[in-house]
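Here you go, one structure.
Chain nomenclature is as follows: A, B, C, D and E, assigned in order of appearance, with residue numbering initiated at 1 for each chain independently.
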Amino acid sequence: MAKIRRIQLKSKKYIPLPGISPGSIQLYEGALPSKITAFAYDNTEYQCEDLNSLDELDKYFKKRPALTHWIDIRGIGELELYDYIEKKYKIHKLVLEDIANIQQRPKVDEYDGYLYAVSRMLYVDTGLEIENEQVSFILFPKVLISFQENYTQKFEPVIHRLQSGKGNIRAGGSSYMLYSLMDVIVDDYFTLIYKLGDELETIEELLYRKPDKTLMHQTQAIKRAMIMIRRAVWPERDKINDMIRSESKLINKQTKTFLKDTYDHCMQVIDLVESYKDITTSLIDMNLSFISNRMNEIMKVLTIISSIFIPLTFIAGVYGMNFAYQDPKTGEILQHNMPELYSENGYVYTMAVMVLIGIVQMFYFWRKGWLSNK
Amino acid sequence: MAKIRRIQLKSKKYIPLPGISPGSIQLYEGALPSKITAFAYDNTEYQCEDLNSLDELDKYFKKRPALTHWIDIRGIGELELYDYIEKKYKIHKLVLEDIANIQQRPKVDEYDGYLYAVSRMLYVDTGLEIENEQVSFILFPKVLISFQENYTQKFEPVIHRLQSGKGNIRAGGSSYMLYSLMDVIVDDYFTLIYKLGDELETIEELLYRKPDKTLMHQTQAIKRAMIMIRRAVWPERDKINDMIRSESKLINKQTKTFLKDTYDHCMQVIDLVESYKDITTSLIDMNLSFISNRMNEIMKVLTIISSIFIPLTFIAGVYGMNFAYQDPKTGEILQHNMPELYSENGYVYTMAVMVLIGIVQMFYFWRKGWLSNK
Amino acid sequence: MAKIRRIQLKSKKYIPLPGISPGSIQLYEGALPSKITAFAYDNTEYQCEDLNSLDELDKYFKKRPALTHWIDIRGIGELELYDYIEKKYKIHKLVLEDIANIQQRPKVDEYDGYLYAVSRMLYVDTGLEIENEQVSFILFPKVLISFQENYTQKFEPVIHRLQSGKGNIRAGGSSYMLYSLMDVIVDDYFTLIYKLGDELETIEELLYRKPDKTLMHQTQAIKRAMIMIRRAVWPERDKINDMIRSESKLINKQTKTFLKDTYDHCMQVIDLVESYKDITTSLIDMNLSFISNRMNEIMKVLTIISSIFIPLTFIAGVYGMNFAYQDPKTGEILQHNMPELYSENGYVYTMAVMVLIGIVQMFYFWRKGWLSNK
Amino acid sequence: MAKIRRIQLKSKKYIPLPGISPGSIQLYEGALPSKITAFAYDNTEYQCEDLNSLDELDKYFKKRPALTHWIDIRGIGELELYDYIEKKYKIHKLVLEDIANIQQRPKVDEYDGYLYAVSRMLYVDTGLEIENEQVSFILFPKVLISFQENYTQKFEPVIHRLQSGKGNIRAGGSSYMLYSLMDVIVDDYFTLIYKLGDELETIEELLYRKPDKTLMHQTQAIKRAMIMIRRAVWPERDKINDMIRSESKLINKQTKTFLKDTYDHCMQVIDLVESYKDITTSLIDMNLSFISNRMNEIMKVLTIISSIFIPLTFIAGVYGMNFAYQDPKTGEILQHNMPELYSENGYVYTMAVMVLIGIVQMFYFWRKGWLSNK
Amino acid sequence: MAKIRRIQLKSKKYIPLPGISPGSIQLYEGALPSKITAFAYDNTEYQCEDLNSLDELDKYFKKRPALTHWIDIRGIGELELYDYIEKKYKIHKLVLEDIANIQQRPKVDEYDGYLYAVSRMLYVDTGLEIENEQVSFILFPKVLISFQENYTQKFEPVIHRLQSGKGNIRAGGSSYMLYSLMDVIVDDYFTLIYKLGDELETIEELLYRKPDKTLMHQTQAIKRAMIMIRRAVWPERDKINDMIRSESKLINKQTKTFLKDTYDHCMQVIDLVESYKDITTSLIDMNLSFISNRMNEIMKVLTIISSIFIPLTFIAGVYGMNFAYQDPKTGEILQHNMPELYSENGYVYTMAVMVLIGIVQMFYFWRKGWLSNK
């Protein structure tokens, strides 16, 4: 039998302290120290290096001035990171605050000389815990910096393509790299949705066979997950649309063509989410009707047994009464007192009447359709 | 009695591998090898040929350069197909990916020299399984290529009209052919919806006569089917609207007039779908109230029988008590102990009281309206 | 007592055959042969004639070339009708198809030299069956042709006004006549809605006095009727709006002023429909709570009676046990065996205890408010 | 204890006769004869006169040609009124029809030389009956005519201000007067809404203390009243917006500034209505859960008492069986037949077992939390 | 165990007297007398002073003409305040009315020389009472006046920043100060929402462990709070958007950049609110299914016990009947009268049959799954 595992939404809270100076960096609880990997490539060359500290970044760039660069930063829990980025790249304070505030909705903001974009990466952890991670991007003409919350290697397929040099990933410049990473994120939505969809199918199957309290909870959990995904995808779609219609020179025309494809994928995700959300609603409705049906079934059993035996017990009770045959004082025979008890076939007739009553009732219940299991 | 057959939505999953190069062809599970039929026609001529392989297509075109061509490809599960199309017709990689990704929403994309359109074909299989098939079209000035997932011959009526040369199908060029095929697809929605509508009527009829658990499931299934159809028709409508307002030279003015008609049909389908969706909601509501009513009925039977006989049984129980007539030790008569048992008409009076109580209760229940079956 | 009659929506199905040539006329099942009445009028003259066949129409026009004409065609089930109209008036094939396809949504289409409009006429038949009839109009500069499905004389008030020559109906030209007929149709919605509203009031009244299964069905039926009316009125409103903003010379300025009035009526109809739809929802909710309340009432009766008598019956049962007074073998008196039975006032005390238990329970139930009928 | 009075919506029906000539005046049932009060004022002067008939109006105007006039007409049930207005002021027939048709939605229509506006005045009658009255206005450069259905003096505060000459009401011209009256109407919505809101609070309080069938009805009634208010306020808002953006010279700039304030009030009314509507929904939900909870409570009492005493009664029944101690024929002792009855402490042990069973069950129910009243 | 405290929405009513002159100040019940604190600052200087009366304000300004000023007024219950503001700053009467009318929706109005803005400040009081306070702002080129209802010091963090001179708060001018205060208000929404969110989590946890009537009320209360927050945030968002797109010179470009950040925060608040509202709906649904499940459980206990013991009691009742062994008159043995009673193992067999019946029933219930606690 298919087993049901509990789905959970991981939730990290980031409560802005009211009144702190805008642009102040406020790290969320549990933010990780940064791991930095730097990629440099063009049509012919490809280099990848793990950096131990931000300081190495300078040297790194000096070595390869002509290449396209992608700096992949995993873990955003060090204040030095923000300081460095701000000073080195002249990034607006509000952008840095947004990178640290991990509750951003997907959006794209254009600044002088660079572009800031946020995506939400959704995936199922081991143990059916849904991770909702923020990924920020800063796009320069020849450099892309990405910021991830966790150390998970979700961009590995892109790195693989970069290594192998297939497709136009090496020739597309930094905006194509941005597209590639965002595309991975959107494609991951499908994986997540189908995993939840499979759970739904299991639930539906079990619901027909063996309805159960936990199914309701699981359905509710999936419904909430769907709502969460929808909340990520709608602004994702808007963001991609903004990028397609953007007049910024940072995003080249070829990238826009590919972004249209990602836009279509977003629409498909939205369709799927709505579809599965409808199914959860339908399952919850069905569950309620199942509960009511079971109640009906229980009540029918009670009613049938009680209705048959209570009247019979009454009859038995009548003939268990002790009305005297003769007046104990006078010895006079009280002939109206239960003469049935003293007739020859009193017992047999009584039992026959009882059986008859039982049969009549069974017939009545059968005609009402209460005996069939529907 | 009308029988209820289970409606099912066939679902094929196409999960894009995150991070694969955009434009990579990823075949869905169970994709079929291609069968190709080529049609060539103009006002006077008509030819139809089944091709064994894509290579024959070249020869085929050379033989009839002046005619309008429709290449009908059924089955999209061969990678060579995409290769051939790409090389021969200079189709963008993303278009090819879309043809293979069978979860496209209806849309139309304009490219240099050709136009790519997607429709969703919905129809009921034998066995009430609803098929949701993707049909892609590539439209050139004189050639239309259509891509279907399955081998079903849903375009037969168009082929028939082409053969007989009736109407302006032969004179309308490739865009009129595109319209004709899309029109068939939209008209098929009516067939599907009415079939589901008939099921709904059967369900409603049964609901009044003999409510049943399976009716609920069937109603839910039809509701989902309606949601699925709606999800196909809305973007279909938008697509047609885009085509009507398109400035592409590929779609001629006459075709646009006819597309307006298809647009109206889409609106009618949407109306019907909303209408039937409302009916399913209404049926689900009614089902719940039926279940509650049945519970009421069951409880009334239990309550009537219990309420009448439990007090009577109590009375019988009282007179079945063994309080002694005389003290066994002293032989003194205990005159307060159940003197009724020794009165001349004790039994008769007791029974009379019992009957009276029963009548009073029946009257009470009758006045409450519990005896009528409502 | 107000009686409830079953409301039903008449539904005619028109399933377009997929793939038939666009513009092909497909008659719906049960389409009636045409009856034609021709009206010719101007400020001073008025003539009305029933024509036996379409052929007479020619002669008819020749006799009165200067007048305004209204050709009223009732019944659209003859193919010759479409042929004649097409040839005589050069009407587009798609318009003819739309006249025959009786599932059109209200709309207005402008063509060269004429204008095609569709309205939906809703009215209650005898027997509370709601008729949903399509009325098509073709408007020429001096001629209006109207097409109705049935023979019902819903336009009689207009004919009456035409006859009497009151108002500016004779002077307004063919577009004013079109307005007049559409106005009749919209005003008829009020009649229908108020009739349904009266039913709703009856239902609500009965619901408070004597809730009943059939009330639920009736409410659901009215809800559906409201949904159907809404589906007709919204596009009707849009159509009228299109006509008001149309730049066609066929609709003169004076007519547009009057159409604004019809537009306002449409808005009122929409308001009423929404209002009554809310009431149906509210009635369905109340019905459900009534059912639950009744269940509560039934359960209270059962619980009160069972709770009181079951413990009493138990006590009676205890004293009906046959534990022996003396050991039958040894004759020794078993003094622990139910000495109550042999005490002087055992019976009286037992009965007193029983009465006391009953009173305590009644008091408990009274305090819980279960004895009042709420 | 707070008492609940039944809220009712007064509904007057105005069913347009289909096909009557547009602009025909059709009086609603119960329309009152007109009472006319004329006000004439400027910065320095103020005069108020009750007119006995429309004819006096002429004389009235002649006496005070330079002043601003407000003609307050209460009661619109006389056909002469419409005749007089039409002839004297050259008002369009459709406007007159709209004044008589008391189901207009709030709107403003501009005509040559005058402006026609409709408001809906909502207020609670004595006896919690909600009145929904139509107020029409015709605005000329120096004259405002208002038409009310009833004789209620809802404009008294404005008259008072006019008398006292405070604010700029006397200097603002006829459009400011129109604004003042409309402002009174919108401010009255607050009074109505808060009255209903107070009822809702009473209901909620009672719901917690003593749920009752009538509370449900009252909640439903308030919900409907809220829906009715919303239906009046939304178009009211649109109307005011239209007036603010109108280019008509009849509404001067200063008035528009004040209308913006009324617009804001409309938005507040809408907010309040939505808020209270949400509360009614929440109360209906809570009511349903209360009903279910009470059912649970009732069932618990039944189950506890039955479950405890039914098994005990069975035991008592067993020892009330009459299996013979010795064979009556042979006198042989049947030692397997209920030896318990003849044991020394049979009764005591039996009773002990019964008490034990009762205690075990009570403990079970207590652990399930059924004994606490939750 | 987590404890549930009751959440309440504080509601103050402000019912405009219908017909009072627009711009009249109407104080709400409980309005507090004003406390005034004046701040004057520029890049180098900072002064803060508590003023005893409005008259001191003049002197205050004269002393520091070149600095930026923020006048913080807490308590708006004195008519002299409005008089002073009106005369001194030439503020429009409607603005003053809006300051006093504490039910304004967030909005921004531009006037000649100044700008009027309203925000709604939401926070949880001690005791989980949610305060919904109106904060008004009047923005001049170098002066900002803020009006709060209560004496709570919600702007303390800003004052702190002002004191310390960190960030660009001292250099940003009055519009930056306006932004800072509005930003505090929006950030406070997060605090409130997360507090309610924590409550929701506690409720959900308790719901699984120990469902309870009060949980339902609490959930409903949180749902309403969410609705109230949403009602504040949406217009807040629109207001900020209006300010960003405003062409007024009062708001400088730098401030607009920061307002975009606040706009994003509003969007996040809206997302969170929708998210938590969905969770409340889900909890209410689950609660209902819990209640139904408990009912099922209760009924199962009743049904199992009744179904087992009622038939057994019947059997015991049968053998408790007193059918005579021999005719008391004739002494003839009535051999059909309950011969079982006199058989050797009658009692043992009877008990065995009873046990068997019990076992069969238990098996039946076990197979139905009624014995497991699901």
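One rule holds in what follows: a residue touches a chain if its C-beta (ideal position, glycine included) is under 8 Å from a C-beta of that chain, and two chains touch if they have at least 3 such contacts.
Because the structure is a prediction, the values reported are computed rather than measured.
Asker: In contact with chain C and with chain D at once: which chains are those? Just list them.
Answerer: none
Asker: Quick check: superposing chain B onto chain D on C-alpha atoms, how many degrees is the rotation, to the nearest 5?
Answerer: 145
Asker: Can you check how far apart chain D and chain E are, centre to centre, with Cα atoms defining each centre and the answer in Å?
Answerer: The answer is 25 Å.
Asker: Using mean C-alpha positions as chain centres, tell me how far chain A is from chain C in Å, no decimals.
Answerer: 40
Asker: Would you give the residues of chain D that are in contact with at least 2 other chains, written as numbers and ranges?
Answerer: 288, 292, 295, 299, 302, 306, 310, 313, 317, 320-322, 338, in rising order.
Asker: Taking the touch definition from the header, please name the shape of the chain graph: line, ring, star, complete or other.
Answerer: ring
Asker: In the complex of these two chains, what residues of chain A are touching chain E?
Answerer: 13, 15-24, 92, 94, 97-98, 103-105, 107, 109, 210, 212-213, 216-217, 220, 223-224, 227-228, 231, 284, 287-288, 291-292, 294-295, 298-299, 301-302, 305-306, 309-310, 312-313, 316-317, 319-322, 325-326, 333, 338, 340-348, 350-351
Asker: Give the list of chain D residues in touch with chain E in this complex.
Answerer: Per the touch definition, chain D meets chain E at residues 154-158, 160-161, 166-167, 169, 180, 183-185, 187-188, 190-191, 194, 208, 257-258, 260-261, 264-265, 267-268, 271-272, 274-275, 278-279, 282, 285-286, 288-289, 292-293, 295-296, 299-300, 302-303, 306-307, 310-311, 313-314, 317-318, 320-324, 327-329, 334, 336-338, 369-370, 374.
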